[in-house]
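Going in written order, the chains are labelled A, B, C, D and E, and every chain counts its residues from 1.
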Amino acid sequence: MWTFFHKLGSPPWMYRISGRILAVLLPLTLAMLVAGAIWGLLYTPPDFRQGNSFRIIYFHVPAAVVALAGYYVMAIAGAISLIWRMKMAEVAMKCAAPVGAAMTFLGLVSGAIWGKPTWGTYWVWDARLTSMLILFFLYLGVIALYQAYENKEAAAKACAVLSLVGTVNIPIIYKSVDWWYSLHQPATIKFTEESTMHSSMLQPLLLMIVAYYCLFGCALLLNMRSELLQRGSGTQWVRALVVGDRGTGGETRVL
Amino acid sequence: MVTLRGLALQRGGRTLLCDLDLNINAGQLLLIEGENGSGKTTLLRCLAGLSSLGRSGSLQRDCDEVLYLGHRAGIKAQLTPRENLAWACRCQGWATTSIDAALARVGLAGLEDRICQHLSAGQQRRVNLARLYLSFDHGAPRALWLLDEPFTAIDRAGVQALADTVAAQVARGGAVVLTSHQDLPLDIPLTKMVLGVAA
Amino acid sequence: MSPGVLSVVSAALRRQWLLAVRRPADTLNPLLFFLVTITLFPLGIGPDPVQLPAFAPGILWIVALLASLMAADGMFLSDYEDGSLEQLLLSPASLYVTSLAYVTSHWLVTGLPLTLLSPLFALMLQLPVQALPALMLSMLLGTALLSLVGSIGAALTVSLKRGGMLISLIIVPLYVPVLIFAASAVRYAAQGLPAGSQLFLLGGMLAFAVAAAPFAIAAGLRISVDAG
Amino acid sequence: MSPGVLSVVSAALRRQWLLAVRRPADTLNPLLFFLVTITLFPLGIGPDPVQLPAFAPGILWIVALLASLMAADGMFLSDYEDGSLEQLLLSPASLYVTSLAYVTSHWLVTGLPLTLLSPLFALMLQLPVQALPALMLSMLLGTALLSLVGSIGAALTVSLKRGGMLISLIIVPLYVPVLIFAASAVRYAAQGLPAGSQLFLLGGMLAFAVAAAPFAIAAGLRISVDAG
Amino acid sequence: MVTLRGLALQRGGRTLLCDLDLNINAGQLLLIEGENGSGKTTLLRCLAGLSSLGRSGSLQRDCDEVLYLGHRAGIKAQLTPRENLAWACRCQGWATTSIDAALARVGLAGLEDRICQHLSAGQQRRVNLARLYLSFDHGAPRALWLLDEPFTAIDRAGVQALADTVAAQVARGGAVVLTSHQDLPLDIPLTKMVLGVAA
């Protein structure tokens, strides 16, 4: 158990293992994405109310769901780095932030695009949209704070604290926003309820959600690998990696 | 009081000092010299426990009290010397009875109630130095004093008085770590340590 | 020996109070800003006597929030720059206590005045009189909450010069629940509905924040001094 | 020999730009601040898509005003504290020119980005598209005006003396006309009415301010350094 | 270069010096001494034309250029030494060609591009001192240097180099007014002026 933790702590080991994982996960993810996209876009009946525009759901909902999960990944990594002073957790937290932010942005943009045909406007102050936006701010805050510190060690600590504070608040924020929205009787907008979603639409959606989770994992690992290389620049394992055997050397250049 | 084993300090990617072994005992005066940028302040801050980033190696401290006077005086420009010291005392848990005495000893008698913004550079440094006398009167005897260029902007008489205080503190069983670029009127045995050249 | 909690707290309060009195600009600017912006709102929005009261609660609370945002900004800055913060960290006094004292004094010179003056501003915005108690109570709880959350951001950004606006990005999302509950409490009261539940929620959040925030503040201060 | 105006101006611009860019987070901050605070308004006022547009002009402009208030606040502070200001006063370069350069660079990193992104924020508040040109034009003129006025206040208050509060009492109301004209220009445009007259007024005020404000700024800096 | 007639300085209600008559000629080195709070900085700032409050009497200056180095360095922490000096040069209307040379002469070669926040206390002071060399290279020969405790936080080697520069400037027909609390390695004739005791 502890030996495992130790290994987790060591950059070279992590680098190697993540390489192996990616070798499997990356193709799998791409396959699922393609399959899900084709299935969703071509082989599902058009929605009786929204026609074809509803197909954006296959990119929108997964992004939205993963975006939220991503924040917790980041915050948990931050907590570990604070409590057990684990460098690897720091790396994970630092690298999760931009990935999560990207997911959130994807959710926002796809939603906005979806909004135009559905609501006639790109943006409405709906509860879920608003909380999504706030989540985006939380991500941006962590990223900006990390950028602002010169000393990256301190930056990681500060971001860990911030992400923890954020985690405590996210449920409150979500609840409060929902309450705020239900308070003003929702205007003309209506979400298509999951219940009304026909299973033929739902199955590809679930596939896409799984695919997006994997995508998050891949992006995180790739990000971490490059960060590990940067941090370890000058240490002998990196030199061995780049100079030593061309195989991984080439790989590092690709990734 | 302090035991360093294999201490290494890095700052801005550069190694300032590597595996340093050092003991600072009660009743010892350690004078750290070295040219600008050799790492004196960094070392003192590390001894004070203020900077942990870029530090490796082991550092044990078992002193009753630490007093650190750095480049930045820690004096509020909007407060009077008396108010500044009162706050310092409360934080340290010292009695505030002998503040005026301390101010008098650093030659600020009569200026206790002028806000520090309106004091000269040296006078402001002196307000900070008064904390030494307070620690002397109220603090634990086995205290560790970390003084980073305490003589900056102090006139000759002031330097002499300060040196005497340091000697007294050492004599009474405290430990003092001192950095300075000018040679001091100190006639007590001291350990000297010269830090290497900065890149 | 480590100093007694009470003596440290009282000393901190006295010190911060003196600083506030000697530098009125910093402390009064938020109030001024509050006053000016409130007066500007009718100008900016158009003095429609029908709309205005309906939105008075929201406006009041948004401006209060922005005001405390401005105030939180420089909370630890001067202490960091002149080295007082280092001394504070070195002193045997518990950082949890001192940060709590800092927040309290900060609230006393920013949040409390806002609370006391809020009825005046409310009347300028033609808020119905029956809403005033709820307004003041929500201000009392809410501004305290804002001070606590704000000083977390201040502690984390103090070592970054010109971090002034970064802090807003960091803490405004955390302000959201306060804004929602407080504003709606006032709106309920203005419509003659019971606003108790929201106020209870605010109280609960405040209780939690008082207990938890100082840890975050202390951690932030440690990190900032270390990075400096 | 005294240096050429252009070289001083370009040097000042470069210096301020470097100071702003040194931390990538900071240059974005006015925008993020704007975006974040814009979000607060629906949360405080309610998401009602009917009323929101009516408020959009006022909201946009009040937040812009606030952003430049916060930005102007510390404009000369660090220069004063680290002694750069003394050196500036001693140098043969004309203080009129340098202060104008300071204001310009300040506007370039705060006002200009706001102007460019304001349409985005406007759309989030569902401001009618036909109002966008008027909005951007008013932002262009108004933020510059705010920078000029704000830096007068900053110059006079920089040496943290008792006077500070008085000055901000005097300065902040100077923002009022800007807000009134700019916001109403946008409101007119949103309703399809001609907004030319207000924009002309803004332009006139700007022209006057560009000519006159630097004198006030220079005088303020002199006083501050002398008093320090 | 400077002629004072019946100059009196008041600060915070107290008179620091009263009817002072003084000539500072080209090629003269004036060393102002006095204990903390005796008015050295106030006098220098008054000579520089920075503080007019509480001044009475007449002060004429006919020097081509004034260079004032005060307690506050005037260095931006976010800028690199090179950027800081570039700005200084532009303001003075000097060429920016010999900045690196000047930095090398104050021993900061290799640190030109690290932001000053990450320099040690002495290194930051040295960045400021580099302006002396720039003025020496590009400035008018009949310049008036006003140096307020320029040796603060500078190591021994640095002090020596600085003293030589001052001597060179005097030899070349400039005038230098200097305050310091430590005795300097200067072997050129100098006028010494001791300010009275502060209340």
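Basically, a contact is a pair of C-beta atoms (placed from the backbone, for glycine too) under 8 Å apart; a residue touches a chain by one contact, two chains touch by 3 or more.
Keep in mind the model is a prediction, meaning the values are calculated, not measured.
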item	value
Longest centre-to-centre distance from chain E, chain (CA-based)	A
Greatest separation from chain D - chain, by CA centre	B
Between the pairs A-B and D-E, the one where more C-beta pairs touch	D-E
Averaged-CA centre spacing for the pair chain E and chain B, given as whole angstrom	28
Chain A and chain D, separation of their C-alpha mean positions in angstrom	37
Interchain centroid distance [CA atoms averaged], chain B/chain D, Å	44
Sequence positions of chain B contacting 2 or more other chains	53, 71, 78
For chain C, residues contacting two or more additional chains	23, 81, 160-161, 163, 166, 169, 172-173, 176, 180, 226-227
Multi-partner residues of chain A (at least 2 other chains)	134, 137, 140, 144-145, 148, 150-151, 154, 177, 180, 183
Chain E-touching residues of chain D, taken from the complex the two chains share	1-4, 7-8, 11-12, 15, 18-19, 22-23, 78-79, 81-84, 86-93, 98, 225-227
Contact footprint of chain E on chain B as seen in their complex	11-12, 34-37, 41, 71, 107, 110-111, 114, 118-123, 125-126, 149, 152-159, 181-182, 198-199
Footprint of chain A on chain B - complex, ascending	53-54
Chain D residues within the chain A interface of the complex	23-26, 28-29, 32, 35-36, 39, 42-43, 46-50, 52, 123-124, 126
Touch list for chain C against partner chain A, complex	152, 156-157, 159-160, 163, 166, 169-170, 172-174, 176-177, 180-181, 184, 205, 212, 216, 219-220, 223-224, 226-227
